[in-house]
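These notes open a run of structures that come right after.
Consider the two complexes below, in which subunit A is the common component and subunit B and subunit C are the respective partners.
What follows is the complex of A and B.
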């Protein structure tokens, strides 16, 4: 529920619209993440070699399996806008919730910045490669892309995610078409794995380092639960959309790695300034494929940025509504029923990072915020089961083998912090400095504006031990 | 019965100030270290034996002793680099800059303490706040 001050000055209660089905949930999850197959994952090759990236893809797949197991249990029980943010309010406490909300906002805003940078730069590269025209500047295309997506999101979530569904499906089809076009049944004809694949250039330390960008294969799939409040049937649509999304990503990740490292030298794939490895792989093969992957990469970047604006703004909106942030952000548009102020506020931040910061480093900020969020999940699970043991409240889904997934997830998170430290240690410290300072700001300043009892909205019994 | 906490109403100016503080933190902690190239990936230059270069003022390099073989590239790799529009010289600028994974134990320990300290502080403060939430909700 949100208080929206309408023109006459009378407060009026307005809800987000419940219009989304499983296909929208799939589009929201995969739409955000699929771009990770078109760009960004390749930096894992730079950190650990081609095989290192493949191992990282599998290991991080295990991390996300644990995330999905834990998230399914808690999301099926706490179906509220904000996803993990709403969960943290009920299981850990306001400061944790504030941090989780910021993890979501920054993970999605940085991903959005990376997406629009890729979209703009690819227009420049495509023009140079295919039109033999004079070089174009990429910056105006980046801003144009962001402006259109912001307008779509401002206008309404249903239209936004319907657009996402169509362009995500087209982008996924481009990966599948590329895979068949390089004739995987005829090794040596186009695919040259025998000649291009080398061992582990940095040994097993490089494999660990590659976990850093291995996250990029899947980062954001947990965003499906951001839309819990706008889904018609959360109990059916959320698990169905999330699971079909994970399967889509696993297939796309395998195809992507196989094609890219079978066509391009690993040093090229993993270079910090390499923008779009699948596009480059297609470029080496033929012009029609190059055009196909140009369109596929642009579509995936646009779909991802679209979903990110949706998710980041909803997390920011939720925090404004709860007064964790200025209450002004907790407003819903009286006509379109979207969190319009949150949408508009975050757009310039994404634009500035997109225009000024190199892609690998923007991605690292997104990954780090995601990683902090995954570190929260084992804590979340432990507290959830301790405060409301099985049988004490109705759960939509109970994940098996507890606490094994939580322990595995925490171990993988700690290893991935070390992976980020290898090569990006200063950026890791910069991000931690940010979260420490904002936590102090919240604990000693902002928390006084928060209504205590309103933070607990579920109809559950009192938690055990309190 | 716990008395219900009534938070103060934040003025419009207060809301604007808080928003500016958050924006400033984002740009000081996250944007500036990257923009000023303080937090950059730790790549090092590693030239193969017998290879050297002279850099001109405009940044272009004139290489000596360079060949695809000394760069560790076989004929297939060489062909792919060329299809991608790279010459041996431009490929060398990429290949000769691997990551430096030299372990700095003090740096690892410091980073670990920062991350652990952050989570400990956050969980401790959250616990205190959570007790207030539960007391007001259920008492």
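What follows is the complex of A and C.
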């Protein structure tokens, strides 16, 4: 129920609604990511061949397992909208928090733009493939998708994430059904791994380059943290939803790779203009499967965009609430209890990117911002355990083998930067330059508006050494 | 037929976005900024202990 605080002489405070459970957290995390199994990951095949993409799937899977473990531990204690932004505020400081907040907003808004672009283009493909109609424009359906999802988000988080749960579960089921439909117990009948799988066409450098798009298999699972302030029991629900989501994605990624490269040649799967490899794999098998995967692909794109609107708006809202951005964005709707101004503000930004920028470029912007966020996590974890060692505060989850996951995560992030540099060096440098410029703006202009005394909101003991 | 769908898609989109903007403006007029900006960060009950005690 609502958590209202009424102080004497103060207006009744309007907070976000605490109505979510672990299933919603799972739906948020997996919903954002699952589209990456239906499209995007296949560009890793273009960089490193089928085996290169499989290695990327495992290596990046390890990266995200570290992300999920670290996030689960810290978020089970820093339960605040804004997720990693709020964590950074508590463990590192304002400048890092500002940057992490922007990474989150950009990563999710760009991902949202990619999702709605794909949803629109799928309508175009479906009309052409299944209804044999004349070419249709994809733009109206892209904008329609954005408008409906933004409206849903505006009206309340419970319905938004309940819808996400249903369509994400349906999309995941379509991958599992496709896996069984290609009869993995009977190799050679439909699956042609022996003929189609070759070695590493571009050697180990190709494998490293494949890491860039391998991220697409899991990008966004860390978004579960954004629901922290709207979950009934965040200390338990967030680790449970995040870790079960990560397991779901590891299964989905393995099934996806196995089916796609067993049915289609790697040159086709990794082709720059190949949009939906699982859909195309189903097309080769049968018409009912083609329809099933069409629905699964479009559901996954919608679920992802829906989750991204939720997460980007929470991060933007949190930054407004703390005066890192104009306070106007920190408003909560008195009836729907959603960050309504943040939701509306981000609509045109997503629409412009979806309509104007090619998919691979938008994906790269999203990946780069995500990657910058992951690089912060090892620092975050190190500082968190140093300032508040085990036993000093109650945790909902304690991740094992510290500091190994943090070290592995940092190493994999550095390797993936190199992978991104190989294919998109200019975008990487432009993105870095952008964050340096906005950091200067924050440090020399915006910081004076920040309420410094209100930054630390968790009821924790004084950190060790202070 | 697809032309009709396209027009419908644009119209529904405009309607939904227009409604959100209208509602946001209406809320802004009906409530003070202090009230709308009154939310506070974090949660009091991290592990849902109060729910368990109640039941």
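Throughout what follows, the second predicted complex is superposed on the first by the 452 of 466 C-alpha atoms of A that agree within 3 Å, B and C clash if a C-alpha of one lies under 4 Å from a C-alpha of the other, contacts with A are read in each partner's own complex, and residues count from 1 in each chain.
Keep in mind that, in the parts below, a contact is a pair of C-beta atoms (placed from the backbone, for glycine too) under 8 Å apart; a residue touches a chain by one contact, two chains touch by 3 or more.
Please read these numbers as outputs of a predicted model, since none were measured by experiment.
Student: After the overlay on subunit A, what do you see for subunit B versus subunit C, clash or fit?
Tutor: fit
Student: With the two complexes superposed on chain A, say which partner A:327 touches: subunit B (first), subunit C (second), both, or neither.
Tutor: both
Student: After lining up the shared chain so the two structures overlap, which partner does A:344 touch, if you call subunit B first and subunit C second: first, second, both or neither?
Tutor: So A:344 only meets subunit C here.
Student: If we overlay the two complexes on their shared chain A, which of subunit B and subunit C does A:314 touch? Say first, second, both or neither.
Tutor: Touch partners of A:314: none, neither subunit B nor subunit C.
Student: What is the C-alpha-centre angle with subunit A at the apex and subunit B, subunit C at the ends, nearest 10 degrees?
Tutor: Vertex subunit A, arms to subunit B and subunit C: 120 degrees.
Student: Check the residue A:148 against both partner chains and state whether it touches subunit B (first), subunit C (second), both, or neither.
Tutor: After superposing on A, A:148 lies in contact with subunit C but is clear of subunit B.
Student: Under the stated touch criterion, name the partner, subunit B or subunit C, that contacts more residues in subunit A.
Tutor: B
Student: Which holds for A:212: it touches subunit B only (first), subunit C only (second), both, or neither?
Tutor: Touch partners of A:212: none, neither subunit B nor subunit C.
Student: Look at A:77 in the shared chain and tell me whether it touches subunit B only, subunit C only, both, or neither; answer first, second, both or neither.
Tutor: A:77 contacts subunit C only, not subunit B.
Student: With both complexes superposed on chain A, which partner does A:267 reach: first (subunit B), second (subunit C), both or neither?
Tutor: A:267 contacts subunit B only, not subunit C.
Student: To be precise, I mean the smallest distance between any C-alpha of subunit B and any C-alpha of subunit C in the superposed model; what is it in Å?
Tutor: The answer for the closest subunit B-subunit C C-alpha pair is 12 Å.
Student: Across the two complexes, what residues of subunit A are contacted by subunit B and by subunit C?
Tutor: 327-328
Student: For subunit C, which residues count as touching subunit A in their complex?
Tutor: So the residues of subunit C in touch with subunit A come to 1-2, 5-7, 9-10, 12-14, 16-17, 19-21, 23-24, 27, 31-48, 51.
Student: Flag every residue of subunit A that touches subunit B in the complex, lowest number first.
Tutor: So the residues of subunit A touching subunit B come out as 46-47, 89, 92-97, 99, 192, 195-196, 201-202, 205-206, 209, 263-265, 267-268, 271-272, 280, 283-284, 323, 325-328, 345, 349, 352-353, 356-358, 360-361, 365, 375, 379, 417-418, 421-439, 441, 443, 445-453, 455-456, 462-463, 466.
Student: Residue numbers of subunit A touching subunit C in their complex, please.
Tutor: Those in contact with subunit C are residues 3, 5, 10-16, 18, 76-82, 86, 127, 133-134, 136-137, 140-141, 143-144, 146-148, 150-151, 154, 228-229, 232-236, 318, 321-322, 327-328, 330-335, 340-341, 343-344, 347, 394, 396, 457-458.
Student: Provide the residue numbers of subunit B that touch subunit A in the complex, in ascending order.
Tutor: Residues in contact with subunit A: 4-5, 7-8, 10, 12, 14-16, 18-19, 21-23, 25-27, 29-31, 33-35, 38-43, 73-77, 80-81, 83-84, 86, 91, 94-95, 98-101, 107-108, 111, 114-115, 117-119, 121-123, 125-138.
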